[in-house]
Each structure stands twice: as C-alpha cells, then as structure tokens.
Amino acid sequence: MKKILNAPQDVVEEMMQGMAEAHKDIVHRVGSTRVLARNYEGAGKVGLISGGGSGHEPTHAGFVGQGMLSAAVFGDVFTSPTPDQVYEAVKAADKGAGVFMVIKNYTGDVLNFEMAKDMAEAEGIDVDFCITKDDIAVEDSLYSDGQRGVAGTIFVHKILGYHAEKGASLKELKALSEKLLPEIKTIGLALAPAIVPEQGKPGFELADDEIEFGIGIHGEPGYQRVKLQPSQAMAKEIYDKLSKALQLQAGDDVVVLVNGMGGTPLMEQYVFVNDVLELLKKDNVSAAKTMVGDYMTSIEMAGLSLTLMKLKDKAWLDALNAPVDTIAW
Amino acid sequence: MDLTTAQAWLKRFFALIEEHKAYLSELDNPIGDGDHGHNMARGAKAAEEALQAQTPTSLEGLFKSVGMSLLSKVGGASGPLYGSVFLAFANEVKGQEVIENPQQLFAAGLDAIVRRGKASVGEKTMVDVWSPFVEKLAEGVSLEDVEAMVLATKPLKATKGRAAYVGARSIGHIDPGSYSSGLFFKAYLKELA
Amino acid sequence: MKKILNAPQDVVEEMMQGMAEAHKDIVHRVGSTRVLARNYEGAGKVGLISGGGSGHEPTHAGFVGQGMLSAAVFGDVFTSPTPDQVYEAVKAADKGAGVFMVIKNYTGDVLNFEMAKDMAEAEGIDVDFCITKDDIAVEDSLYSDGQRGVAGTIFVHKILGYHAEKGASLKELKALSEKLLPEIKTIGLALAPAIVPEQGKPGFELADDEIEFGIGIHGEPGYQRVKLQPSQAMAKEIYDKLSKALQLQAGDDVVVLVNGMGGTPLMEQYVFVNDVLELLKKDNVSAAKTMVGDYMTSIEMAGLSLTLMKLKDKAWLDALNAPVDTIAW
Amino acid sequence: MDLTTAQAWLKRFFALIEEHKAYLSELDNPIGDGDHGHNMARGAKAAEEALQAQTPTSLEGLFKSVGMSLLSKVGGASGPLYGSVFLAFANEVKGQEVIENPQQLFAAGLDAIVRRGKASVGEKTMVDVWSPFVEKLAEGVSLEDVEAMVLATKPLKATKGRAAYVGARSIGHIDPGSYSSGLFFKAYLKELA
C-alpha cells in the first residue's frame, strides 16, 4: 500500500483536522467530535446534515457551508458513523427549526442515523430525513433493502440546501425530497480498486484488461465485468440504462454529473462527458447543466459514475445554480 | 445469572470476538465489506475499557455501559443492532439482582434487532440465529444447536444488509453477524455450564 | 494502459470538446483551434492567456473566465502548443489593450509563446509575458535554463487575472508579475507515474516502496528517491526546503497550496496539509489562505506538490480571494 | 541547387525522419521526454501533405511552406527551432532560382536557431551540430564529418532545453535534436552527391 499518510488508524482524524484547519474560513470542527459544521449560523433555519463513511471526499464535508449542508459527520473509512456522532451533527445543525438528514441507503447508515434521530427527539429536537438510492446498477426488485445512495446525493444536498437557506420547513424539505429522489439515477464503473488504509489491500480485483460496470462507492460488486472498451461504448452502456430508468424523451431537460472516483484524471472524465453529451444530443435531450470532477469518490478508485437528473421542475436548476460558500461545490 | 456471572459472560464474549476477529472479517469479505470482525473488536475493546473505568454496580448498569460502548464505537450495521440489544437488556433487568427470565431477556434483544433492522427470518441476518435461539431457550439449547443455527444461514440468499447487494452470490456463505451472535450465545451457555 | 478514452491520438480534441460543451456557460472553443476562450468579453481590458501541454487539467482551461484567464491554449499531451495556436489565443484575448501571456518555463513553451508574440506584434497586437519558474526542486545555478514552472503558476493566473479585470495595463501586469514570481516556490513528490495516452506506458518507474522528491509535472526526474515514509516526514522534507528558499520568518504570512497530481485521493492530500499546517504553526508562520485539491496535475500521477507563496503584499491575498467565474478555481 | 533538387533534399530528409522516428524518441527518453521522433515525424507528415496540396513554384515558397508546417504541427522545443530555420531559409533565397550561397543559407538557419533558443556551442543542443557544419561547409564536409559532429554531443552536459533538468545525468547520451539535424545535413549532402 503506497499512500501519503501517517498511521492508518489516524487517517480520518488527521484528514478532518486538515480540512478544518485548511478551510477554517468556512467550517470548524465541533469540539473533538467527528463533526465539521459551518461557521455560518443560519439562525432560525432548518439545519441540513449528511455524513457516512469516510473515503468519499470531498463528500460530505466539502459541501458544508452557507446554502448547502449545515454539518457533516465522518465515519471511519467506508464505515457508517455512530449514532452519538450523528447526534452531535444534529445538535450542531439545530438552530431552532429542526434538522433534516440526508442519508445514503446503506443499512449501517440508515440504522445509525435513525438512532441519532431518536436521541435528538428525546432531547426535543425535531428531525426528519430522506434516504437517497440513486444507484440503479443493481436492480431494485431483487433486494428488499433497495438501491445504494451514491453521487446523485450531492444534488439532494444542493437543492435541499438552497431551500433550507431560503427558510423551508422540515415538512417542506421532506416533500421536496420525495419529488426529487426518483428523478436522480446513477451508474458507476471501475477500472481499478481502492485500498482502505486499515486493510492495506485492494477491496476487489480486476484484470489488466477488465472493467466493471455498476460498481459501488465502497467497491461493492457491480452487474457486469467486461473487457476494456472505448469511452463511447462505456458511455452508451450506462447512458442507455439511465435514460430508460428515467424514461427520458426528446425535449426533456437533464442535469449531468460525471463524477470521478478519486484516481481518474480529468482528461478521461472530459473525454467521457463528451461522449455522454453526444448521446443526449442524439436523443434531443438537453443538458441544462453539466458537472465534471471528483464529487463522491471511493478513495483512489479508478473509474467514474454518471448521474442524470431529470428536471421535472425547472426551479431545481435555479437551486443547483445558486452560489454557495463551501469547500468543494 | 447475577452481576458477576453476567460480567464473566460478556468478558468471555469479548474474548471470543477478539479471537475470531480475522475470521469474522473474512466471512464479511465475499458478501459484505470485510469489516465485521474489526467493527466488533473495536466495540468489544471500548466496552471492556468502559467497564474497567467504571465498574457497574447493577445488571442494568452493566448492559447500559456495554450498549453505549458498542453504539459509540462500532458504527456500520452491527453497531446499532448490538447496541440496541444491550440497551433493551438494560431496560429488561431494571431493578433486578439476577436475570429472572432469560428467555424474556433474549426476546427483548431480538425485538430490538427487528425493530431497528426490520429483517424477518430467512433474510440472512443475525435474526436467523437470534430467532431460533430465543424459541429453543425454554426447552433447552446446546452449543451444538447454536452451531447448527449459524451454519443454517449459509444456504440463504441475503435480502437485508450489505450482503443483499450481491444477491444470489451471497448463497453458500455464513452470515458474519450470525456468526458473532453465535459466539454471544455460546459464551452465555458456557458461563452457565 | 487502462484509460477511459477512444483513440489515444484524439484525446486532446475530445477532452477540449467535452470541456467546451460541459461548461458552455463559461467558455467556448474558438473555431476549430486549440483555444478555449471565456464568454465574458472584458472589452478594453488587457487579455490574459496561458497554456501549455495538455495533461495538467484543470490547468489551464479550468482557470478561464471572468477575473482570471481570457483564454487558454492546449498543446498535445505534455507537448507545448504551436505558435499559430498560441497566436489564436492572443487574438481571442485581445480586446484592444494588448495581451499578457503567462508562460511556464519549459524551452518548448517559451519558444512557441515567443513566436506567437512576434506574430501578434506583426499584426499590431501588444504582447508582454512572464515566465513562471516556481519549482525549486532542481537547483537553479546548475542549469542555465532555470527552473520549471509548476503549480504555483495558478497563483499568477489568479492575481494577474484580478488586476487585468480591474483594468491594469500590460506594463502594470508585467511589473506585478516581477514582484510576485520570486515569492512563489514549489516542490513535488511522486508515488506512481502517469501514462501519456499516445505512449501507452509509464513515463518513469518507481519501486513499490519508493517515492521520488522533486518530480516535475511531466515526470521529469526529481532530486531524490527514498523509501516510502510517513506524511509528516514528506511534509517536513519539502517544507524545510521551501521555507529556506523563501527565507520564511516568524510572523510571515503565506498562502499554501497542496496540489494533487491527478491520482492522489483528497484523503491523502488533507492528511498531508494537516502536517504542513503543523510545521507552519511551529515556525509561527501564518497560513492566510490554504488550498487543497487537483489544480495542476500530471494526468493520473500519484503524488502531490506543495506551493508556498510569501505574502509580501497583503493585497495579493485580496486578489486571490476575489470571486471569479471559472470552471475550476 | 534548384527547386527540384531542394524538393528532393527535403523529401529525403522527411523519409529519414520517418525511418528514424522510434530511434529519435528513444534518444529523447533518458535526457528528455521521449517525443522528439514523434514530434518531427508529425511535422514531416504535415509538410509533405502541404507540399502535395500546393506545389511550390519557388525556393522561397518551398521553404516557407515547410517552415509553416513545422511551426504549426511540431510544438515542443524543436518545432519553433526547425520552423524558424526554414523561415530564415525562405528569407535568404527570396528571388533566387538556385541556392547561390549554401554556407550563407545554413548560417542564416543557425542564426535563427540561436536567436530563438539562445544556446551557444557546448550546451548539448542542435547548435552543436549546426555550428561546426556551417563552419566546415566552405572547405567541404563529408557524411562522416556529420556523423562525428552528432557523436560529439554525447559527452556534453546539457545546460539548455529539457535535458538540462537531468544535469550531469545527460552526459553519455547523444542529443536527439542534434541527431535529427545530422539527418538533415546528410540528406543535403546525399542529394548533392
């Protein structure tokens, strides 16, 4: 394992400290907790929090700041944070109007966030939440636990963050999330695995000429291993599936996110987005906004994901385009 | 079972976890993310430290302390599940000097798991060991029985937890949370013997 | 070679097209040239351009936009752009007050940009330039061609861009660049090499337990190969050299840039910046601003560079902090 | 040398470049970035295409066309250097039907290189072949002489160009730009023979 770090078990601690110090104009660490909260107060507004295992940087803390998340909670690498830490994030985010939690759909995350909700409610803090399940790689029907929450989650952070900033209530945020979530779909692909520092070895293996479609952001298995193929073919494979799931039609507007997994150069991401935008054009679907870069990574995994969000409501675009004061949006 | 015996039971459980740490994570590799042993061991260590720092004076205090340690150190899926078990235990033994009704105790633990995890029998989770254990406890359950319950998770297809993502490929592997639950019951049976 | 691309020889073309399409709200491609120019006009102001070989994304095109570069010119991967293409960038950037070029110190870049200057002046466009040489890895005295221009160049883009936007003249920009350049120093390190798509194999080799200090952004050799060491040791090695070169003293203010080389996860970059900020604190040097992320990469090289800029003039900080409308700042 | 012969000269040069493409890039590997052969071949191909698309009717036109092709296709350090050489040539032969003074022609090329690249003799660049070639041209220069000039760049330590970054490690390697310049002169000598 070749990494820039000190002791593997200290990596989350040191990374948090580094983020807090480097960006002290935007965020601060809450005591000695695993929580980074924004400096901006947002008094009287609903607090918006998210979090999960570490290793997905800049998610989640990179999206903390005015107009987006109020606080983010860090779990160990690829491990859900504990309820007491989530509760710390809730307390930090609560400015009198309750706290809304954006949870990615993993059993561990859901359980720990729900327990934190119980703890917060016992202390009189109103809490509601939504669970993102944008990864359609693995078919839903087969698995009663549903699909994974991946890169599309950042759209939820941004759009809910915009409305929280505007003063939306817990109830309004919940209702908005229910409209939003079904319109966001993602599929990833991997060229090479990540290494969890404490494990010291790759989470899976791929031959020199193999790629895997549908891989998760913790290296969870995808739906197909194939030989390395041109970017155009990869784009088509994923785009077709997303387009079908969203029932895209000529004249529709979408938001496009090509998300690097941590080890993929922008060069490849831009070649890929070029192919995606070609496919959209052919289908007469308009890309109202396109984002390219590392937003929800899997440490140093080589690969990327494509997210499409169908713009059922044009106001969502304004929410996405509104300026924010965060580290990484 | 009084406070001293219960303490010995949990000590034995933590030792088993530490001993099987690598194996538990290995079980979690093909169908999960390979961290179950590390997660549980982290929790066991924290629980032991907490018990050392402040010796509990009641069964309730013992279970509460362990529950809080697991909750605040394990994370993942197993943290809140095991944590909830011990908080339910604490609630169950409130004011008791000895555990009056073990079946009721374990039933409360199972109930907490199901309330949190919403899994039913057959979904390849620790419920598949907890449920038969609770059922069999009245008539008497042996170490071999527990062994059999754990092994019985092998042919199941996971539909809950991280293992659900590999779908049919989860068949043929023992569920790691069931294995650690088996260790928990074995420690209990051995302590009583 | 495992990469997301179509034909290796088309990678620059497709990447440019992808960038132009994805960010059409900010930039556009100038005809079929290798130039991306900003949509913002900036009439009557000095145009600011930069460019060089491709493979350093988001540099240079990521910094095109209001308040920063007027246009960027793309060479082939790791190959300087040709004079005619640089000249196209000059023409695109010229809004009547001349064009200032920020050149990184490589023979090829210098020669091609200088020829473009000749071409432009023959057509009556005033052109001036500065040459960045912030990489102090290889000692200057030994090499009459001087040191390489690397990540510190983005500070030059930003600060000159701010003043160009404010209406500074060519002469003023030149004078400012002369004050600025000596205060910016960088050293890089590599854990693993990049692969130029058309070459198909790594540009250098490093053993599994080896890292190299002083590596250049094209994989040029550095000054020392050592065994993998803790982040703290790497940070100290580089920091000490930079601090000495800048003659940092207690009470000084610096701007810190930890720049990922393309294949290094943010997790490692933040662990590293944490160590750097510790060292600064010990020396009583204040980090007035800290940036962390992939700014000037070497395709998918694993590694990073540390840049320190001594804030001789506090106004430079305002220039750095001023908002801009670019893809990647 | 008239237009036809000059055309044949350059054709021969381009063929030599294509033939030695891999070797030239190999020479550029240890002390540069391994692209000199690819850079020159890209330029040669573009120049040939341009000459085919529009046949030059004068020496000036020939050199100008080649110079523009190299300038707009090669990039890197060698593009502007070779490009400038041909533009200087074009300037030199303005109005001439035959090359009247070859030494003056090559001197103008060398001058262009030095004006652009600011290298002097001994810095391990193509100047180290151009300079002795121009000097010896009056008294007569052989293919072997050119060979020797190219080889003489081997023991030099680079202080200009990309090879300067490896400093003393550049000693013991032939300079790639000198090698390609050698091909240029050999093509010239062969065409005259």
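Each chain gets a letter, A, B, C and D, in the order it is written, and its residues are counted from 1.
Criterion: a contact is a pair of C-beta atoms (placed from the backbone, for glycine too) under 8 Å apart; a residue touches a chain by one contact, two chains touch by 3 or more.
Quantities reported herein were computed from a predicted structural model and do not represent experimental measurements.
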item: Between subunit C and subunit B, distance of the C-alpha-averaged centres to the nearest whole Å; value: 55
item: Centroid distance [mean C-alpha coordinates] between subunit B and subunit A, Å; value: 31
item: Subunit B and subunit D: spacing of chain centres that average the CA atoms, whole Å; value: 78
item: Residues of subunit A engaged with two or more neighbouring chains; value: none
item: Residues within subunit B bordering two or more other chains; value: none
item: Chain-level touch network, classified as line, ring, star, complete or other; value: line
item: All chain pairs that touch each other; value: A-B, A-C, C-D
item: Complex interface listing, subunit A residues touching subunit B; value: 53, 75-76, 78-85, 106-108, 111-112, 114-115, 138, 142-145, 148, 198-199, 203, 216, 218-221
item: Parts of subunit C lying in touch with subunit A, wherever the complex brings them together; value: 2-6, 11, 14-19, 21-23, 54-55, 57-58, 62, 77, 191-192, 194, 197, 208-209, 211, 228, 230-232, 234, 256, 258, 262-275, 277, 287, 290-294, 297, 299-300, 302, 304, 328
item: Residue ranges of subunit B touching subunit A (in the complex, touch as defined); value: 33-35, 38-39, 71-81, 83-84, 116-117, 123, 159-162, 164-167, 169
